Structures are given as structure tokens and as C-alpha cells.
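Okay, so chain A shows up in both of these, paired with chain B first and chain C after.
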Partner chain A sequence: MSSIDYFQLLKLAGPEAVLALAALAVLAVDLIWMREAPIRQRQGAGAFVSILGCLGAGLCALQMPGFGSFANGMLVIDPLTLLLKGALLVLTVFTVLLSVDRDFTEHVGEFFALILLATVGMMLLVSSEDLLMIFVSLELTSLSLYILTAFQKRSALSAEAALKYFLFGGMAAAFLLFGLSLLYGLSGSTHLGGIAEGLVGKENDPLLIVALAMTVIGFGFKIAVVPFHLWAPDTYQGAPLASAAFVASGSKVASFFVLAKVMMLGFAGVHGDAGWRHLIAGWAPLLAVLALLSMLLGNLVAIVQGNVRRLLAYSAIAHSGYALLGVMSNSGEGMASLVYYTVTYGLTTLGAFGVVALVEERTGSASLSSFAGLGRRSPILGLSMMVFMLSLAGIPPLAGFFGKFYLFVGAIRTGSPNIGLVWLVVVAIAMSAVSLYYYLQVLKQIYVTEESAATVDVTGETNIVTCCAVGALAVLVVLLGCFPNLLVGPVLAATGSAGL
Partner chain B sequence: MLAWTVYLSFASALVLMLLPKGRVDLARGVGLGGALAGAVVAFAGSMMKQPGIQEICRIPWIPSLGINFHFAADGISVTLVMLTGIAAVVGVLFSWNIGERVKEFFAFYMVLIGGVYGVFLSFDLFLLFVFYEIAIIPKYFLIAIWGSTNREYGAMKLALYSFVGSAMVLVGLIAAYVVSGGTTTNLIELAQFGFSKEFQYWVFPLVFVGFAILAGLWPFHTWAPTGHVAAPTAVSMLLAGVVMKLGAYGALRVAITLFPLGAQAWQTEIGFLACVGIVYGALVALVQRDFKFVIGYSSVSHMGFVLLGLATLNEIGLSGAVLQMFSHGVIAGLLFAVVGRMVYDRTHTRELAVLHRFNLSRSLPFVALTFVVASAASMGLPGFSGFVAELQVFIGAWRAFPVFAIFSGVGLLVGVAYTLRALQKAFFADPELETETRGPVLDPISMPEKCGAMILMAATLIIGLYPRLLLDLIVPSFSSPLFDGLRNGAGL
Partner chain C sequence: MTTEYDPYLFLAVFLGIALVFPLAPLGLARLWAVLYSNNKPGPIKNATYECGLESKGDARVQFRSDYYLYGIVFLIFDVEALFLLPFAVAFTGLPMGAIVAMLVFLLLLVEGLVWAWKKGVLSWT
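And then the complex of A and B:
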């Protein structure tokens, strides 16, 4: 690799370049022209430029050639990564919409610029097959998210959340880097395919086990699985709403995808087996343990939460447990189910956070009781929240149901001979029965419990942008649930052509 | 054509949601219109049904997984679709007095009805499961918002029991789908796949019990009495009348046809549980003080006959089970209508010990008449639908396991006892006591109530006097390819 063809780089990284430019443009617009304007106008302008940037990046992605690779897998373009970039852009647009008309900061331009930078990081993350690039883009994403979490300067909770998130995240990054460097030492390559080749014949090397464990710890933090989940509840609760929603949606999608890619491509030879009475050492049993713990702890602890943000955090931990099944199935179908699941989960969570935002503005808290009577106060919001909660619980015909079904089918079908992974699927299904209880607790407040006097007094103006975003998300969740083929079809075609 | 029952129900739910606030009469009208339209389509479709399994529609839904949007109907589905049509219309008539959040009530109600129609018409396992779960959520809200005694507890218990049941079904469903090669969820193709005996041996109990939880299988029946009592009248009628049938239908349509060898292996255990349910439900009903609990436990007892019929695995027992589903749907609806709406809404008590003060046989003669008819039907007197159905179950049970047949006969005797006890205490109490306190003047029975009660009484009488109307539909269904496995296994 003597010289780099910058023109080709620009062509392949076009969407990211457009987004990075948009981030600068947001800063420029806000700091140069809108400095004296009222905060609502600044937010409107910032959001407008950000969404324009996302649209531009999306258009740019549509113009891309179907396949391409730059500098030996540093940047890989195929239908699957393009699809994921599209999904990430959609999630970013909704996150931007959720942050309009919120009073949590005066630094409007910086906020939107950071959201866009985090998105750039996630998009690079999904399209790289090189360890160095993966680590750098992961750090770009994480650092942006740490700052976004701390953005509500006057709130102690926000600072606490950010500090926890940062300390845990920094530690996890250290583990990850350690794991990756061991991996490089073992295989002599930083490219995922090269690593798989380099690892042939070294399956029983103790160093490989260490490298594997370190890598899983690093990613386990990003996707918040037990026992690396401790930051999640505090971050979800303390962070400014849009930041929390972004951490829960976009960051999850990208991290899961790259975890699956590293495991399926990089550790291709050391899959092992997590089947019942058919245990073979490798990354599958390791992930099976994490999945089991996450499903159990996430669901059981969520039952006792009195704050909806914390409830969503524990439910997110549980959902990470389910999604790990998709990684474990180690096949194109598993990848397709993982993409469908994480993307629809991201949309659902964003919507739920949107409703939480509106309730918080009105009542000043996200406790369960502040949702009382929401169904009568604003039927649309109530109905949307019903859609989100039931989708998370996995009730058909909403997206969450098909997502789970597809994950479970994929896991049983390809995980292990003699439907060995069925034990984990049984746990997952049993735990989703448990989860219905706490999702119904939220809905009970919304529809059954009468409005208390305390919640009636406070009247905030309704936030049209957020309402529309929430409604659109609810429609999307219903649509993707009723017609899963809208997403599954393209994803399957893409995984097929990506050779997974 | 029958598919329109599903579409019409969901469409009217959508219309109800979009109605302006405060238009109570309009909401009731739309609810009644939707239910009536569904019922008319159900009956018309049943009249025009061709013999065998009639295809209704089949559209690829998720082609990569081989899942189709596939509606079809055989005699069993048609019978239950008609039952749903009747129950839906009558339920709306008996909820005419709901005054709070009317449009929401009917919207949830119509979603429930649409889900139920969908289950009965689905011939694709995935689709069937989707509709089965759609029916869970509206039940929760209908009970938790508009219910009475201990409503939030009853509603949550019902929702969790149903969901646990459907989780068990889901495990079996996914396992069956994957083991059969993961290319189809079509019920007929799955039934002809021929799962291995070891596989059927563990999947059958999972799926059967998962469904049977909703049919009130002892010892998983405890949701039924609390749920029935907590629910508003129309919903108790639907729960006992239709929703419990969902479970029994699923057990027959999915568990028994897909895993016939497993069914044979577990036949005795299920027959035993069904018998315990029959006797236990009847004995507990005998000592209840709350009128509605009597009916709630009687439902458990009567659904025991359905499950016993299913456990016989022979043709006469199975057709008796299906007929009993229809019969109990109608009779339980009638009983709940009398207790929950006609009596409770006027006297505001369901205590049997208190009810005699109202001298109900004099003050509300129509109610007394209705309850006498309903009791007679419930006790299984000849001339009513319950007689034919339970007789068939008996004959089937006698062939399969005589001991259980005798036990369930004891249950039937206790059934006569608790019905007569309730009838006597509530309506024909001691005249001495009655003269002491005349009790307040009670509202007369309204027109919708009379219509509803008439429809149900007519249904049980017509089927009781001329059961061939339904049996000619039900019995040929057992010779369809769905039951190949059972026939070849020396069952039918």
C-alpha cells in the first residue's frame, strides 16, 4: 500500500463526508448567524441543517456503487452496510427531531454537531472490516456520546450519568484494545478475514481465549449486557432525553452489527457450540452466558422499577440478551434477524423516549405515576405508547414480535445440531412472558389509572415536532410488524450478496 | 367471504377509534353495526361453505420463511365462527348500559372479536398465533378499565396466564417449524410432515397445555373465576363464550392434529386432568356465595367436558367436544348475562344470601324465565344443546376410558345440584323472608337485553332440538387430511 487514492476514498466515504460537513455547517450556522436569536429558532435551524445533512448523506449512499473496498477492508461497501447506514441515518433524523424544542442547553450548535459526528462514527463502524478502523470509529462514537450525555450542564444527574458512562466506557475501550492487540499478535493481521486465516491451527491457544474474552468485554459494554451493564440505568435516567434515546438506538444498532461481524468473520474458526449437552469452547458459549444473564437480570429487575427511563434501561439490557441470539446463530439468516431486530428495536425505543419526553415536560418527572391518564389526555400519545410497549413485549402484529420470532428461528435453525440452542430460546420466551408484566404496568398507568390532581395542574404546551415524530415512529413499528418483508426482504438479499 | 368477518371487526374498531368524543349513541351504533355485519357474514359464509376444507385466501406474507396469510375453513372453524358471530352481537346488546369511555370500550371489544375470528379461520400456524396473541391485550384493558370486583388483579392474572400459555405454544411452534425443515407454516403441510415420536412426546404436552390454559384446564384454571368475576358482563360473556374456546380450538387444531402420536401418549393424563376439572369445578361452584363465582366455576366444569372430549381422540368424542364448545359458548353467555347484567345492575349485589330479598321471580319474571331456561340447558336436560354435546362426549369417553366417564358423570350430578341451588336461592327464595323486606322497585328489563337473551335461548334450543345443523358440519371435518395422523394412528 504505497499511495492512497483519495478520490476513491471520497467516493466510498461520501455519506460520511457529507455528514461531517453538515456537522461543521451546523456549528457555523449556529455560531456565526444565529448567536443572538432565541433558543427555539436556533434549535430549529440546527435541526434543519442536521436533517438536510442526513438527507444528503442518504442520497449520496443511494448513488454508491453496490460493492467497493478501500485499503484492504478499511472501508467496505456492500448492500448490507449501505442498508445499515440508511437505518442509522433514519434513527439519527428521529433523534434530531426529538431534540427540537427542548430546554436543556444553550449550546445548540455543538449538540447537533456532536449527534452528527457520532453518526459518522457509527457509519464508519458498520462499514469497516479492519480492527484499527473499528476501534477508531468506536471511539469517535463513544466520545461524542459521552459529551452528549453530559450536555445538561446544570443537572447533577446528567453529570453523574456522563461520568459513569465515561469511566465504564474508557475501561471497556482499554479491554477492547488489549484484546485486539493480542489478536493482531496471534494472527498477524488487522483485517477480519486475515485474522480468521491467521487463527487457523491456534484454536487451543490460551492467548486466543484471553483475546476473545477481552474483545467480548469491550463490545459487551457497548451493547450493555450483564455484567457490563451498570452504566445503562443511570445514563438512561440522567442524560438529556435525546442523548439517552440515541445511546439506546443508533449506538446499539451499530455496536451489535460490528460485534456480529467481528465474531462471525474474525473469530470464524472458534465459534464453538452452546447447544444443550453439546458444549464446545468458543465464542458461542461465552455469548450464551451473557445472553442468559442479561435476559434474566434485565427482565427481573425491570419489574420493580418506578421510573420509566430506568425501566426502559433494564428492558434494553434484556433486549440485548435476546439480540445476542442472532449473533450466536452465526449465519446469514442470523445476521438478517439481528439487523431486523436491532433496527426495529431502535425505532421502538426512540418512540418510547419521545413519549417519555412529552410526559416529563408536562409533569416534571418520568415516574410511572406521572403517566397516569395519558390515554385520556392525549389519545394519540397513549396509543403510540401502547404500540411501543407492546412491540417491546413482543405482541403481534407489531415489529417486536416478528423480530423475536425471526431471532429464535435463526438461533434454533443454525446454532447447533439437534436444535441444541432451544434451551436458550425457551429462557428467552419465558422471560418475554415476564416482561409483559412491567410493560403492562406502564400501559395500566396510561389507560386504567385515573389522573391524579398533581399531574393535572402542570400544563405544558404540546410539542408538535415531537408528537409528529412519535406518531411516525408508531406507524413505522406497526407497518414493519404487519409487513416484515419490507425490511427482511432487502436485508436477506443484502446478506446473501455480502457472502455471510 | 368469511375473511370479511376479520376485516369488518378490525375496520369497525378503527372507525370507533376515530369517532369524536362524547358521541355515545354513535359509538354504540358502530359497535352493534360491526358486530352484526360480522355475524351476518359469518352465517352467510357458513351457508355457502363447500364440503371439506374451503380455501378463503392465501397470499405470500413473509416468503423467505414460507409464511402465508392463509385463511381457510372447515366445519369446525365454521361452527366456531358462527358462535363468535352470535356472541359478538349479544355482547354488544348487553353492554348497551356502558356509559364511560364508550368508544374505547367498543374499540377494544371489536379488536378482541377480530382476533377471535382470525384464530378460527387461520390455516397457517404463524398467522393463527398472531391472532391468538392479538386477542390477549384487549381482554386486559376491557377488564381493568370497565370491570368490577378486584378488576386490576383479575385482568393482570388473565393477561399473564394467557401470555405464559402462548409462550409455551410459541416454543412448540418454532420447534415444529424448524424440525419440519423451516419451509412452511401451513397447518395441513405440517400435519402431514410426520414428526418423530420422541419429538412429539415432548412438544405435544407443551403446546396442548399452552392452549388449554386458556380453556380452563385444571390446575391452570384459576384465572377463569377471578377473570370472569372481575370482567364487565359483556366481557365475561365473551371470555366464557368465545375466548375459552380459543384455547380448546388451538388444542384441537394445532396440538392434536400436528402431534397425534404425542396426543396418544398423553391421552390418559389429559383425560384425568379434564375429569378433575369437571368434578372440582362443580364442587367448588356448589359452595360459592357470590352468584357470579358460581357461574365462573361452572364454566371450568363445563370446559372440562370439552377437554375430556378432546382427550378421547375418537370421532364421536371430538365432535362432542366441538359441539360442547358451541353449546357452552351460548349457555355461559346466557348465564353471565342474567347474573352480571340483568340481576347485578339492578340489585347491585351478587350475594346469593342477599338476592332473595328482591323476590326476583316476581319483580323480574323475564329474568327468572331466562335463568330457568339457562339452568336447564346448563344441567344438560334433553332438548337443549348441552345434552347432545355432553352425551357425545360421554359416549366417546366410555370407549376411551370408562372410569373417567363415570367420574365425569358424578360431576354432572353435582352440576345439577349447584345449578338448582343457585336457582332456588336467587330466584325462588322462602316467601316468609320475602315479605319482611319488599326491596326497592327494580328497573324493567330493557329491549337490548331481551333481544340478546332471546337470541341465545333460541340458539341453544335450535341446536338442542336439531343438532344435525352443526353435526353435519363438524363430523365430516374429521375426514380431512388434517386428521390423517390421528386416523392412521388407529385413533378415529
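And then the complex of A and C:
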């Protein structure tokens, strides 16, 4: 009987354990001491404990040894996964800040506990190289996110959004599980490295094609690429704001990272080639098709959206298309550009959702016209929104520009004999130009359109915490754009040492 | 003479047997009915069941939603028992770490119960 060293496990999974404890603590604090308190105080206490938990987990991650592996890749610690965990914790802290002083639920403790549990799932997701563990942590994340989406019980939209998200997600999980089981059957291993070894010599097996397609469908849903994107607009529109922001940021970062890992490590021998007139069957052409469709449909449909939340959803679909280029690069550089891109995208979209939250509270809707005159009403918010929108469009010197630049350079440099992925990069750049149009539509409302009666302040109070969070995010986006090496340096060092 | 071993041949044979096994008695019964018995329907013969009560009303009645919460809380402890039994059987041979892990698992379930209790799930109102 092989015995497991539980103390080693506890040491390697320290950050996750701290976060899980924090989730229980949030529940306990809310239920035992804060029951009778007004809802704002309960939210403050919940957010405080959650942020303490994130800080604790971050400190715990700093204390970790640089490398470690538990039970044959079930839990892998290296500088890259530690970096990803840190980024996820930062995104979680901002999500928690966005949900403070927001009147959407009376189950405060549960909301924060679920955010923390989803974060635990994401952190396990990025640090696992074993199919079983990947699936279990993906489900932990997804289940928490479904509930978070349904949290606004008084709103029918929220229930509809959650139901759509849940049904699509359940189907996608079934596909993923089927694909993974075929993969195990073919290779005889659940460890990503073992799978790559087991697949040698079976490149033309029809079962492998089925397994690959099923796996891509399963992950394609999580990252919302066309044609698996249908849940995204409704979920972004109907979910409580903090949940939508979390679905758009943290879960995207974790899912993209694990997709890249499964493709680059697990399907290492069946990369194929997506070069222009140089197609070779494998996962690269498959992802190339998804990326192409996402960039085209996401950007073109975003143009006609009148609701900023839906606009952000379609822009998220388009950004998933760009980010797939990083996966297709299939190199350490591609991985580094993917990490930089998804993390900065997460920060930017969190900030944009923060502004949407403040506008929604003021005017009662997230339609484009309710942004009219925001630049004059509150200059700082208008400026922040400008930073986020221009960064999403990819204007220098903001983080979005460098992220895209880095992605595209990585894709062009990828080792195809001909001009390689240049055709896809050309499409991506053209579509970025298209996207500038609808991002500028939002800015036009903010700076040019006159304030109308519909946008007059109805509440008269501003949410200080959200304002501060939005400001901090805007500063971060500018900072990471001007000095990309702040993030790229550590990421490159980490990918180098992780052997990618 | 040696024939090559084909794993799919078994499946084909099994498929054949699986089809013949239920279809043969059904076909024989049908044949018997056509040849030897004549058709005499009656109210009793046409009843849904030969014994038991005739059902009344609609099957779609409303349950109290509280019932589902009870069901879910019960399910937690049902699953817990599933893990506790092997734990109890192997208890003497377990290392310290395994016992700590099991206690953590129990703690999580207890926290779930306390949460449900505090939320008032267990009181019918």
C-alpha cells in the first residue's frame, strides 16, 4: 500500500488551505457575530476577512520552496504556477472590493465564501498536471461561479443567466470528461507528460481526433470562444456585477493557462500546423479556426450592442480569439505572452466592470446612453474608463497594447517553415482596428454626448471603495503598459525555469 | 490453422446473443397468441395493472420546497457514512496524516450542518 505524505501535501497546498479556511471563517463571522448587523457592515466584515485570507494565502505562497511536486504531478509548484496564483489572488482581491457596499443579496457570507472557494479551484487548476485533478478543480471553480451568477435572487435576469451558464457548462463538462477519458484510454496515463509519451506513434488514431475535439470543446466553453460563446453575453448582462467581473477575469486567466498546459504538454506530439497553405492536422489548426471565428464574430457583433455589459461580453469573446494565438505559438515565449495578456486583460476588464457598476447604481441601467456626460460628472471615472477602453482596444502606452504586440510577435516567430501564423495575425490586427470603433462609441458617450435627464443622479451617493478600486486598476493598467517588464520579467524567468 | 485474434469479434458475438436472447421468447409468445388463443378483451384484462389500485388525479402535485433542503442535508450525511465505514475498518492501520485528513473532511461536513442549522433550514415554518 502506498501511503501519502499528508504533511508534504499540506505544505505544498498551503495557499489553497489558507483560502479554504478563510472561506469557512467568512461564513462563521457572518453567521455568528454579524447576523443582526446592517447589510453594509456585514459586507465590510466579509470583505475584510476575505482580503485577509487572500493576503495570508499570498504570504504563504511567498514562503514556498521554488519547486515541488506531489503525487506524480497532482500538484506542481514552480515559479510559473506561483506567479499565476499571485495574479489570481490580486484579481480576487479586486473582485471582493467591487462587491462591497452593493445591495444585491442578503446572503453576504455565502457570497464571499463562494468567491474564495472559486479562487481555490482556480489556484489548484493552474498548479495541476494531472487530468483528474484538472477536472475536479475546474468543476469546483465552475460550480462556485454558477451559484455566484444566480446570487441576485430578486432579479429574473440573474436566474436566467445562471441557468444558461449552468446548462452550457454542464454540457461542456460532459464533453471534457469524455475527451479526457478517451485520452486516458489511448495513452494509459492521467499525467500530462505521460500522455504525451503514450501518444507517440498514435498520431493518426481516429480516437485521438475525437479526444482532441472533445477536450477543445470543453475548454472552449470555459474561455468563451465561438461557437461555444452563447452563454457569455447573457451571463455578463444578468449576473450580479462582481460575479460577472470574476467570470470575466479570474476564471479566464486560469482556464487559458490550463488549456495552454494541456495542449503544450499533453498533446505535445500532435501540434500540427496552422500555417497559411501549410495545414497539418493537429490541435493548432483546430484552435486557429476557433480563434478566427471568435475574432470575427466577437468584434463584429460588439459593434451593434447598446448595453455596455453585453459589449464587454462580445469584446471578451474577441479577446479570447487573440489570446488563442499565444496557445498556438506552442513555446515558452507564447506561454509568457499568454500569461501577460490574460492577466492584464483581467485587470482591465475588472476595472471596466467597476465603472459599469457605478454608472448602473447612478442611473439604473448599463445602456450606452446612461454613460452620457460621465466625463463631466466625475472626471476621474471618465478618465479611468478611457484608460480601460483604450487598453482593451490596444492603444499604446497601455497594457493592452503591449499584450497584443507581444502575442502577435510570439505568433509570427513560431517555428513554421512558411510565413506561419502571419495570416491569423493580419486578421487579428484588422479586427483590433474594428474594435476601436465600438470602444470609442463608449468614450464618445462619456466625453461628447450631453448629459440627459435619464442620466441624472438618482441616489446621490458614491461608492468610495469601488471608486478607489477602479482608480487603482487604472493606475495598474497604465503602469504595466509603460513598464511591461514589471510582469514580463518574472514571467519569462518563470517559464524559463519551468522548462517550457 | 491459426486464426488471428480479433477483440471486436467478441463484441459482434455478444451483440448477436443480446438480440436473440430477448427476441426469441417474445417471438414465440407472439406465435403462440396468433395460433392458439383468440382475442377476448374485457375491462379487467385492459386495466393498467392486474393488481393494486387504480390511480386517481394528476401525478404532478406540489411538494414543499423545504423537503428538498432536507433531502440535500440528508445526502451529505449519507455520503459521509460511505466514507466513514472504510475509515473505521482500517482505523488501526492508518498513519497520523490520514487521520488528520479524515478529521478535516468531517469538520467540513459538520460546518455544513451548522451552517444549514443557523440558516434555519431545519425548522419548518
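By our rule, the second predicted complex is superposed on the first by the 495 of 500 C-alpha atoms of A that agree within 3 Å, B and C clash if a C-alpha of one lies under 4 Å from a C-alpha of the other, contacts with A are read in each partner's own complex, and residues count from 1 in each chain.
Assume a residue touches a chain if its C-beta (ideal position, glycine included) is under 8 Å from a C-beta of that chain, and two chains touch if they have at least 3 such contacts.
Being a predicted model, the structure only gives us computed values, none of them experimental.
> Based on the superposed arrangement, let me know which partner A:Tyr447 touches: chain B (first), chain C (second), both, or neither?
The first partner, chain B, only.
> With the two complexes superposed on chain A, say which partner A:Pro396 touches: chain B (first), chain C (second), both, or neither.
Only chain B is touched by A:Pro396; chain C is not.
> Regarding the shared-chain residue A:Leu124, is it in contact with chain B (first), chain C (second), both, or neither?
Neither partner.
> In the three-chain superposition, say which chain, chain B or chain C, touches more residues of chain A.
B
> Per the contact definition in the header, classify A:Leu27: touching chain B only (first), chain C only (second), both, or neither.
second
> Between chain B (first) and chain C (second), which, if any, makes contact with A:Leu182: first, second, both or neither?
A:Leu182: touches no partner chain.
> So, A:Phe7: does it touch chain B (first), chain C (second), both, or neither?
After superposing on A, A:Phe7 lies in contact with chain C but is clear of chain B.
> For chain B, which residues are in contact with chain A within the complex?
17, 61-65, 101, 126, 129-130, 133-134, 136-137, 140-141, 144-145, 152, 156, 159-160, 163-164, 167, 170-171, 174-175, 177-179, 182
> For chain C, which residues count as touching chain A in their complex?
Those in contact with chain A are residues 95-98, 100-101, 108, 111, 115, 118-119.
> What part of chain A is in contact with chain B in the complex they form?
376, 379, 383, 390, 395-397, 401-402, 405-406, 408-409, 412-413, 419, 422, 425-426, 429-430, 432-433, 436-437, 440, 443-444, 447-448, 484-485, 488-489, 492
> Okay, in this complex, where on chain A does chain C touch?
It comes out as residues 3-7, 9, 24, 27-28, 31-32.
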